[in-house]
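Per-chain residue numbering starts at 1, and chain names A, B, C and D are given in the order in which the chains are listed.
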Amino acid sequence: METSAVRQEGLRIWDNPSRIVPTLMFRTCNRLLVGATVGLAALVGGCASMDGASVSRLDLVKQRGELLCGVSGKIPGFSFLSAEGAYTGLDVDICRAMAAAFVGDAEKVQYRPLTAPERFTALRSGEIDLLSRNTTWTLSRDSAGGNGLSFGPVVFHDGQGLLVPEAAGIRSLKDLSGKAICVGSGTTTEQNLNDTFAAEGIPYTPIKYQDLNQVVGGYLQGRCAAMTSDRSQLASARSGFADPEKHVILADRLSKEPLAPAVVGGDQTMADAMTWVVLALIEAEERGITQANVNAMVEQAEADASQTALRRFLGIDGALGSKLGLPDDFVVQVIRATGNYGEIYDRHLGPATPVAIPRGANRLAENGGLMIAPPFT
Amino acid sequence: MTVAIRATDLVKSYTPGSRALDGVSLEVASGEVLVVMGPSGSGKSTLIRTFNGLEKLDGGELDVLGVRLDAAHEERPVCEIRRRVGMVFQQFNLFPHLSILDNITLAPVKVQKRPKVQAEQRAIELLDQMGIREQAHKFPAQLSGGQQQRVAIARALALDPEVMLFDEPTSALDPERVKEVLDAMRQLARDGMTMVVVTHELGFAREVADRVMFMDQGQVVETSDPASFFTNAREERSRRFLSQMV
Amino acid sequence: MRRRSLLLQVGVSVLLLAFLALLVNNLAVNLLRTGLGLDFGWLGRPSGFALAESALPYTPSDNYLWALTIGWLNSLKVIAAGLVLATLLGVAAGAARSSSNRLLRSLAGGYVAVIRQVPLLLQLLFWYFVAFLGLPETPIGDLIQLSNQGISLLGMPLSVEFCAVLTGLTVFTGASIAEIVRGGVNAVPRGQWEAFRSLGLSEGLGFRRIVLPQALPAILPALTSQYLNLAKNSTLAIAVGYADLYAVSDTTITQTGRAIEGFLLLLISFLLLNLLISGGMAGINATVLGRMRRSR
Amino acid sequence: MNRWLNRSVTLVLTALIGWGVWSVLHWLLLAADWQVVVSNLPLYVVGSYPVDQRWRPLLWMIALVVLIGFTLLGPRRGPLQRWLPLIWLAMAPLGLWLVAGGMMLEPVSTRDWGGFTLTLLLTFGSGLLALPIGVLLALGRRSRLPVLRLSSTAYIELMRAVPLIAVLFFGQLLIPLFLPPGLEINRVLRAVLAFAFFAAAYIAEDVRGGLQAIPPTQREAAAVLGLSEWQSLQLVVLPQALRIALPSLTNQAVGLLQNTSLMAILGLVELLGISRSLLANPVFIGRFLEVYLWLAAVYWLACTAMALLARHLELRLDPLRSDR
């Protein structure tokens, strides 16, 4: 019983000295409690059984007043360190939306730039609360017997492709037989590459790097005949080349890559909260609610009792938020902070940006895409 | 006359089967100067190192200034003895990282908790007495061996000991430096200090010692006054030793 | 006093054990929370990832254990080659620093001064991304072919990743070895140099036959620790895409989520490697010292 | 004949050096584009530190540079010289306060720390932590008590057998698994701890070497003066041992500074990490050589300054080059 009380209060050392002072006494008590508890637990040894699952990570986040969000930090359009020193991108806005819903302030996010190989360990170990880092949703990552994560809805439908220099005369996978291919290690990209080429019986040499930046470096320096990654990333990388028109993305699609945020498995409260924040972004776009008009929409809905569905969505009726452990007006908070899904997409990947990826499969279902939200009832 | 040191049947062995001290008994009176002589390996250094607990006894009993030491002794009496007994080594053993003044004041300040100013005043007095006052702010490596050994004597005296132990204080010195150290020791003896001196300096022994003790193979061969020891030693071993020395 | 030290020891042991127990207990609690216990069964499952180079046959359908073994062998390969080359370079540079030619001396001095003050990781990145990937296609005769796809020496193909790691480790460790050699050589009395010169021996011969053997007893122990450093530093290969033990472990840990188990295996492998190197060096040390003693 | 050999070596080397200098100049003047360095200068220095607060790490760094200059070039004697060691020690807490904030300054979270500031903080922090741990381990390894001796030895040997990257990996990703649920240690602090515990094992061996070089008679001399074992250690043995170990401790410190670059592999944006992020920017793609040369210059300067400082300290502690 003591243990759960202790666990809820995350003790953070050294991060923010100003916060330590006012709560010092409280913390000292807590530290003593932790000491006493773990001391006892140590005596009992391995027999100690603790029901850690009963406390959701969401409570910890709320108590801390800040979301620890794992991002890549190196992919333009998704998460990238701007010259001003701030992270921006679609993945980053997902973190911000979560923070707006969880703690009421989109700026209360600590970004942890993670390499692909370390991201799951970081999530599992509690180093981050939520992973929003170009992560492909797969069975083994989602399952308790695998990486033990819980994925949210897809925020970007991608597919793996191959980028080759046009002059090399490579037109299909067969032309890559025996060639070196640059790939990021520890990614599904690596496995898809292997699956596809093994199935076709084409030999190749994988040159593995730790992050996309080095994959691009290796490719541009001519180490590999081709580089492979999600097609969105290939497009984003190519946009920065000195001569983008001299590189082509092969028509072959090596995989489907539904990219989605994830939290640690077995924590239904946290997973649900994450899921419905993403869905709210999509639903808001369906309903035409934007950052600019959200306040007006709220006023309008409050005035007009007949708008029952809208009133539920905006948290005026129905207390949907409470069911998730969130404020009832979490949707409003989120849209105020980041805008709807379409706005986020346009801001970072739209035609006006340097990356400029056509929306394609990421359009709303009503426009022929794959994005759709279940009913908010 | 009070007894400063009384030793009864001291036994010390480093390796099983051979004894560095083999039943040594002696008495040193307060104010007396005892010179211990003997060939190397005779156990004389070991003997005086037992007096302040640098060597643990394997047998026998010691009474130093009223404090008892034996084979089973605890730490506390050793501390008490060391506070009241000073020692000077063959290799001076000054602390190379401290200035001469700091070498002398270290123990008075840290152990006896005397005020720093007072300790320094006393140190200067002692250096003056040793005739090396102007070296106070130098470091040991800048001094000659004779000067270093006089600093070592001053360092021991700074604690106002009741007994001084000298372990071959001149053996590491150049011959022309020996005299200045012996002079300092002579002065000390004249002032009435109780001294136990292990040395090969026959002249010093003849002139200063109240008694001379001759040791060989961990045993006391003979003890007598210097005049009779040097002119008319009783034992064959003593005579052979003396004839080699001269 | 004896009782006090006994008490102190018991206290320390209890504290240490309690601390370890606390850590292990926390680990157990945390693993339970995420529904995973310690388990090495996954080692037998197919890895599903390819490796760019392997000393023995390997395909993605081989199991994780075999993949890790290949990684270990790759590490061993680059370490072994690095030991030999770094020693040669280090001894040459160390000798050059005592050379009578001033230009050669200062060149060797500059090499040591620059290389030792720049992080190895940065040097590796330089060798890989700038030096080796910048190589133009240059066949030098039939036996040596250079290109940024790989290097072929006497018909033996080497990947650029391997070459970059090897070069980086060699150059970096060589600088440290040069310092050690110089220290050892300086410890040999100058009279020995004058002696062989007066006998009419050339500088090189005198250095090899007279000075170096006398410097060896001082050099060897320090050399061992440099060799161990080289082995440990080889793990930085991950930064330039060479499939060494650490890189394969890293991929394995990500794919399986078995961080603790993977880490334990990594530790054991490195302890093994260390034993191998220290054992070998102890042997060499004994031989050299034995020979010196006999010749005396 | 020997002279001919000498001359030909000189000739060949001159040709080689000439060729090297010519191609470097050629590259510098014609091919190099320093935009990637110039336009991102603030990022290299402070990372993503809030723009309006950047003066704080900058102030700290300027203070450091001034202090280095004063220490190396200032007057040998003088009132300030006596306080120098204390001022140096104060630089670490000062830097921590300036960078982290709190106490009148706006707090800045560690996620915003980066660039050379983070490199220096990691080095300072872990170095200051590692030294006392290392000394304790060295003493433990020489202890008469078997439990203390064996556990210290085991720790030292285990740490020295393991590559640093594995220790850092442990610190970043596995330490949380060993903490009670709910207890979190900040990521930068975890890195500092990992570096400190790693370096402590190496420092322990250097200090042990120093301790072994002190003759046992020094302890005896201290004992007969009535100094307790602790006093003799603190006043007589350790000061001498540390002075003897100083050159190797300097090497450890320089190594520590260089090794902080490994955090780039594990996702901290210190100097090398921030550079790798910058190289991912489409505008600067492929500018490896410029960035790496620039970094090499920075690291070289920092390490050389450190070595010079240590050399200076060595001479100051040993004004007479006295020796037993």
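One rule holds for everything that comes next: a contact is a pair of C-beta atoms (placed from the backbone, for glycine too) under 8 Å apart; a residue touches a chain by one contact, two chains touch by 3 or more.
What you see is a predicted model; the values in this text were computed from it and never measured.
**Q** On a CA-centroid basis, which chain has its centre farthest from chain B's?
**A** Comparing chain centres, A lies farthest from chain B.
**Q** How many angstrom lie between the centres of chain A and chain B, each centre taken as the mean Cα position?
**A** 80
**Q** Provide the C-alpha centroid distance between chain A and chain C, rounded to the nearest whole angstrom.
**A** Each chain reduced to its C-alpha mean, chain A and chain C end up 38 Å apart.
**Q** Go ahead and note the Å separation of the Cα centroids belonging to chain B and chain D.
**A** 48
**Q** Determine the centre-to-centre distance between chain B and chain C, using the mean Cα coordinates as centres, and give it in whole Å.
**A** Each chain reduced to its C-alpha mean, chain B and chain C end up 55 Å apart.
**Q** Listing for chain A: what residues touch at least two other chains?
**A** Correct list: 38, 41, 50, 52, 118, 121, 125-126, 210, 214, 217, 221.
**Q** What residues in chain D touch two or more of the other chains?
**A** If we look for residues of chain D contacting two or more partner chains, we find 173-174, 176-177, 180-181, 265, 288.
**Q** Could you tell me which residues belong to chain C and also touch two or more other chains?
**A** Answer for chain C, listing residues that touch two or more other chains: 26, 29-30, 33, 129, 238-239, 259.
**Q** Can you list every touching chain pair?
**A** Here the touching pairs of chains are A-C, A-D, B-D, C-D.
**Q** Provide the residue numbers of chain D that touch chain B in the complex, in ascending order.
**A** By the definition above, chain D touches chain B via 217-218, 220-228, 231, 235-236, 239-240, 243, 317, 320, 322-324.
**Q** Which residues, counting only chain C, touch chain A once they are in their complex?
**A** 18, 21-22, 24-26, 28-30, 32-36, 48-53, 60, 129, 133-134, 148-149, 160-161, 238-239, 241, 243, 247, 250-251, 253-255, 257, 259
**Q** State the interface residues of chain A toward chain D in the complex, per the touch definition above.
**A** 6-19, 21, 34, 37-38, 41, 50, 52, 60, 73-76, 80-81, 83-87, 110-115, 118, 121-122, 125-127, 210-214, 216-217, 220-221, 236-237, 239-242, 354
**Q** In their shared complex, at which residues does chain D touch chain C?
**A** These residues of chain D touch chain C: 2, 6, 9-10, 13-14, 17, 144-148, 151, 160-166, 169-170, 173-174, 176-181, 254, 258-259, 261-262, 264-265, 272, 288-289, 292, 295-296, 299-300, 303-304, 307.
**Q** Of all residues in chain D, which touch chain A in the complex?
**A** Going by the criterion above, the answer is residues 39-40, 42-43, 47-51, 100-103, 107, 109-112, 114, 172-177, 180-189, 265-267, 269, 276-277, 279-283, 285-286, 288.
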